[in-house]
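Multiple structures follow.
In the two complexes that follow, subunit A is the common piece, with subunit B as its partner first and subunit C second.
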Partner chain A sequence: MATRHDTAAPPAKEGGAAPVRPPAVVTEAEQRRRTRLSRRWRRDMRWSPYAFVSPFFLLFIAFGLFPLIYTGWASLHTVELTAPTDMQWAGLRNYTRIFDDDFFWNAARNTLTIGIISTVPQLMMALGLAHILNYRLRASIFYRVVMLAPYATSIAAASLVFVLLFGRDYGMVNWALHFAGIGRIDWQNDKWPSQIAVSAIIVWRWTGYNALIYLAAMQAIPQDLYESAALDGASRRQQFFHVTLPQLRPTILFTCVVSTIGASQVFGEPLLFDANKGASGGAEHQFQTLGLYLYEQGWVNQHLGRASAIAWTMFLILIVIGIVNYVISRRLRASS
Partner chain B sequence: MRARTRSAHRTVAFAAVAALGAGLLAGCANDSGGSSGSSDTGGGKGKTTITLGLFGAFGYKEAGLYTEYEKLHPNIDIQENTIERNENYYPALVNHLTTNSGLQDIQAVEVSNIAEVTSTFANKLVDLSKVSGVQKSGWLDWKWQQATTKDGQTIGLGTDIGPMAICYRKDMFQQAGLPTDREAVGRLWAGSWDKFVKAGEQYQKKAPSGSTFMDSPGGLLNAMLGSLSTRFYDSSGKVVYKTNPAVKAAFDLTAKAAQEGLVGSQTQFQPAWDQTISNSKFAAVSCPPWMLGYIKGKSKPDAAGKWDVAAAPQAGNWGGSFLTVPKSGKNVTEAEKLAAWLTAPAQQAKLFSVQGSFPSSPAAYTMSAVTGARNEMTGDTPIGTIFATAAKGSPVQIIGPKDQIIQQGLTDNGVILVTKGKSPAEAWTTATKTIDNNLEK
Partner chain C sequence: MTTTLMRPSGAGAKEPRLPRGPKAARAGGQAYAGPFAYAVLVLFSIGSLFPLVWTAIAASRDNNRLAQTPPPFWFGSNLLDHLKIAWTDADLGKAFFNTTLVAGISAASVVFLSTIAGFAFAKLRFKGRNALMLIVIGTMMVPPQLSVIPLYMMVAKLDWTDQLQAVILPSIVSAFGVFFMRQYLIQALPDELIEAARVDGASSWRVVWNVVFPAARPAMAVLGMLMFVQTWNDFLWPFLVLTQNGNPTVQVAVAGLGRGYTPDQSLIMAGALLGTLPLLLVFAVFGKQIVGGIMQGAVKG
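Coming up: the complex of A and B.
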């Protein structure tokens, strides 16, 4: 039994890499035992871990890596969806044309503005909701489930309902606004109203999810911090700003990163909010996001090469955003 | 002993992982291969299963045509897979055709895509003109030509067409002081779309409050474009929509109607547009036979019988489909027979009486199912005869592979903007810029 320790040794030091075999003390018995181990056993020891992890990597190669490389290759060609094997070399033409492609930059701006309009209120509301839910409430489980319900709703169903709510002539939002003395707003055809409406779908869908994450983090904050703050005479409000918020910093960073990634990939909401059921994001492309533009070029217009170049450009933009995010979070950590 | 149980555990674990992985892969593979796999297994009783890939509402099943065919051919079993919208159906079909997998035995193609299919995929589809019982004279000439390649292969058999007339509300026309008799209404604008817009101006002067003459700018533009023989492409296949004076004239006339408030500000087939039907917000709509069914579906019951159908200023066509048979199918010969049977005059006539899909076969026009057809919305109007006249008068239109993109650009990124306060020139610029960007490879 004791000799088994060599295969299940604890890590050599805390935080170290995989278990390191301690230099074996080679006794006579040990030698004999080792020679008894069949070659098959050794091969098993060596290769079966790879077999265990292989399903993920095989699937990743088939559905992640290969499409990535193929898309890169296709982006250097003029190629149509109707004949994907008929590729004509185009060099960097698909990329250079992006620079003066008004529709691309329009979509990029829309992605940014929709991202801001949806992410900022969403995270602030989530924080507020989590704070309220953190108090002792009657039926708190019920509220938590209710908050998560939008997240469990399909985007398609939600978007279709929102399209009806935001209708110009018969929509409920305009009906409510008219009591406030505000005239009819054309939620689909005017630029800012349409972006706000699309953002509203996103906010509705993700606020509860983020609130639950915040709530979980809040409940992990030690109670004695609040106690000592209270002893020092801090009000509820001060406690929130000086105890809760600093303790939540890593969680807030996490939700910011996840929301930024989500915002840069917004697709379903504007697609289904489109009055034309197409992918142009409104008659004047007023709420067409990058994801939607990519889809329009690839699937509606069938220009595989152009769509691939857009996909790679989006990928590069995301990397830049990721680096900026990283730098900011390091600054924050350094300053605290 | 211990080592053995360990390796036994390992084997079990490995088997589990392998099974899981295989399951995942099979789950993916099912997606593309499922249909072709099912077609050779049949119903287990030695039956041949023929699958159809359709979109929208063809109504074959509802009209009982499958049951009828299965009764005639006891060894055949028919299954259909329907996708609601052609925008989702067609890209998948393109993918399946390029990879030659996942195809059904019979695939439907919409008229806006038939030019692309005919020019790019003819080598993957069966030449149906050689199938016994199929004759060129069985279809309207232009319908037959649309699915025929330059070297004379006919890869699609016409199902329905959409000859356009004008459906109008008798009660609203009367209130506005316009004639209500369908002959007199037809004379009001016979021969020219300008006259049609003039009639609209006349309507608008005394219109019931809150109503417009026509439903939408897109509907008006579609009707005009549908009556042109040359619109987006010239006969050599070059894109000419921007320089074709007829297209610009249709665009400008629609924009004028929009500026004068003669058309609603909705986009067709959107919920908001549906609401204008149920609230009786417009008096006329350009109207292929299937539109009557749509109106019926969205109207309140009291609108029944208030509609009538008059001839359009110029006959045109809107919509219609074809059935194709991919060469790589499992049951090509049986599929050919079924496609020919489904598109034969008798079946087309039956489909019209049940589903409102208008036959593309002139032989059906004299059948009682067509001449005797009535619609709840239009009372005792002989709609079959009216649409048959429109069908015969429709021009042989030059269609191109990207018709849909161009048409959608002109309507949804074009004339609709005029109803939102943009000038016609701005709308034209937005439309052409969008279309050109979408066409550029």
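Coming up: the complex of A and C.
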């Protein structure tokens, strides 16, 4: 991948295009001009790569890295929302405070369960869809675009629609379920139904997107793998399980990581799904996620310091996930 | 995770013409779809579109009708009225203007900065290149939500609450963008082109301007669209900083409709519909390119 060509071109013969030049006679001024040019050239070659990448890094440090680290610092202070610049040292009190809070653990559990209920079906359906999209299809582009329509829909719009669809008395979902003999489910107030409903918003928005990612990976699988499998008499089903799936392992791992990170941050869906329009994730915090709990502590209860402690805790959890991912992918690579 | 699945044909998202060989004994991905496959696709398509269509149906009805079973399956007569009311109630005109501005500036900036950085990572040699690229990939994994508290403190200190630059600034770079452009340029920009420009005495900036930008244009367009969609739909950060004084983005305005005390569900649906329509139109027109872009950005471990 490393290309060397870009350094190959420069100095020796300047302006290489000029064909005939009277040999030998080089004035002193010309000589100086050449050294100056070649010095400028070398400086350009040496420093412009940094000039090209530095805007990204500077802005990222300003708006990403620095705030992230500063969150850790703020988490050791008492900071009120009303006076966000006034920080009082608090040591680890914010942490003991949230770890003593049942609602923190409740939110952590909810984040985990909503994460599982949303990620697992989403990725499995995406895999199946990608497999089907990978056939020779009429209007294949049409289906791909349609599957992506939910991705174009914002969290806000999607959540508000799903509130109505999942309405207890007049919602479409309960109406459809009554044909199956299932009574009215209180999708907003009961614990598991509400978590399923919130997860449904996430599944709806992201399944098509993940299907496209899997589809891209499937199209990159060398055709001769299938051909030799077919020669060995493998059915299509067997080909899927013995050729497609193993080849997709890195991609599957990647989507798992991305979805896990996304699931750890869920905020807008439970916020807008709440019938009480609060930030507690339902009257009994039944679907409050860590993201929502952070918002409640910081912007409703006005304790920015405590909210920082929650953010920093979430960050540490993500680091653990990252390490686990790294270990698994190393295993995978070693085994294949 | 370094290789993407990019087709050399570029970001134009052209489907590769399937080889027209003998039809029998095609294996794996090349097999023709049967009726079952089409049935599943149609089912999923309905599932994808139904909530959107139903948003419009609910917006065209009134509260009485929404409080009856069975729920409405076809349009009523109030759609235009409700759209008008929602438009004024949620101040959507201003919200659209704001969001277009925010998403436009962010997308343009991300595209420009990602292209030059992606070019450096793809084609130039410099000390620390691989380490820096690893950092870029690592930062793709850190969710921006975790940084909101200090950003909020910064905004409060600068007195930028309710001002658009508070929303624009944190979104003018993207690690994904850098990665995306790098992957594209590695394959789409022949080294010979750069060399030729160098031989003609072009400086690095000239190379960027005259060689890299023209070569990267398709990918820049796709990245621009992806970033526009992402910024348009951004919720948490705008929700935190743009609340008090009526200077919302579309998402904040739509959420405000939902969280306010509007008793009228159909009005909320009308607002949600208005907030979604522009992007749906973009997808209807550029869907093929966006699909291609997402598939190219797909990462293989």
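Please note the rule applied: the second predicted complex is superposed on the first by the 282 of 336 C-alpha atoms of A that agree within 3 Å, B and C clash if a C-alpha of one lies under 4 Å from a C-alpha of the other, contacts with A are read in each partner's own complex, and residues count from 1 in each chain.
By our rule, contacts are C-beta pairs under 8 Å (C-beta built on N, C-alpha and C of every residue); 3 or more make two chains touch, one makes a residue touch a chain.
A quick note: this is a predicted structure, and the numbers were derived from the prediction, not measured.
> A:158 in the overlay: touching subunit B, subunit C, both, or neither? Say first, second, both or neither.
Second partner only, subunit C.
> Using the touch definition from the top, say if A:283 reaches subunit B (first), subunit C (second), both or neither.
The answer is first: A:283 touches subunit B but not subunit C.
> So which one touches more of the residues on subunit A, subunit B or subunit C?
Comparing subunit B with subunit C, the partner touching more subunit A residues is C.
> If you stack the two complexes on chain A, which partner ends up touching A:315: first (subunit B), second (subunit C), both, or neither?
It touches subunit C, and subunit B stays clear.
> For A:55, using the defined touch cut-off, is the partner it touches subunit B, subunit C, both, or neither? Pick first, second, both or neither.
In the superposition, A:55 contacts both subunit B and subunit C.
> For A:179, decide between first (touching subunit B), second (touching subunit C), both and neither.
A:179 sits against neither subunit B nor subunit C.
> Quick check on the superposed pair: does A:189 touch subunit B, subunit C, both, or neither? Answer first, second, both or neither.
So A:189 only meets subunit B here.
> Just to be sure I read the superposition right, which of the two partners does A:44 touch: subunit B = first, subunit C = second, or both, or neither?
It touches subunit B and subunit C both.
> Does the superposition put A:264 against subunit B (first), subunit C (second), both, or neither?
second
> By the touch definition at the top of the document, which applies to A:306: first (subunit B), second (subunit C), both, or neither?
First partner only.
> Counting contacts the way the document defines them, which residues of subunit A are shared by the two interfaces, the one with subunit B and the one with subunit C?
The answer is residues 41, 44, 48, 51-52, 55, 59, 84-85, 163-164, 169-170, 277, 299 of subunit A.
> Which residues of subunit B touch subunit A in their complex?
Those in contact with subunit A are residues 3, 7, 10, 13-14, 17, 20-21, 24, 85, 87, 91, 94-95, 98, 116, 120-121, 267, 269-272, 275, 405, 408, 412-413, 416-417, 420, 430, 433-434, 437-441.
> Hey, which residues of subunit C end up touching subunit A in the complex?
1, 5, 15, 18, 25, 27-33, 37-38, 40-41, 44-45, 47-49, 51-52, 54-55, 58, 66-71, 113-114, 116-117, 119-121, 123-126, 129, 132, 135-136, 139, 141-154, 156-157, 169-170, 172-173, 175, 178, 186, 191-192, 194-195, 198-201, 203-205, 208, 229, 232-233, 235-236, 239-240, 250-251, 254-255, 257-259, 265, 268-269, 271-273, 275-276, 279-280, 282-284, 287-288, 290-291, 294-296, 298-301
> With touch defined as at the start, can you tell me which subunit A residues reach subunit B in the complex?
Checking each residue of subunit A against subunit B gives 41, 44, 48, 51-52, 54-55, 58-59, 78, 80-85, 101-103, 163-164, 167-170, 186, 189, 275-278, 280, 283-285, 296-297, 299-303, 305-306.
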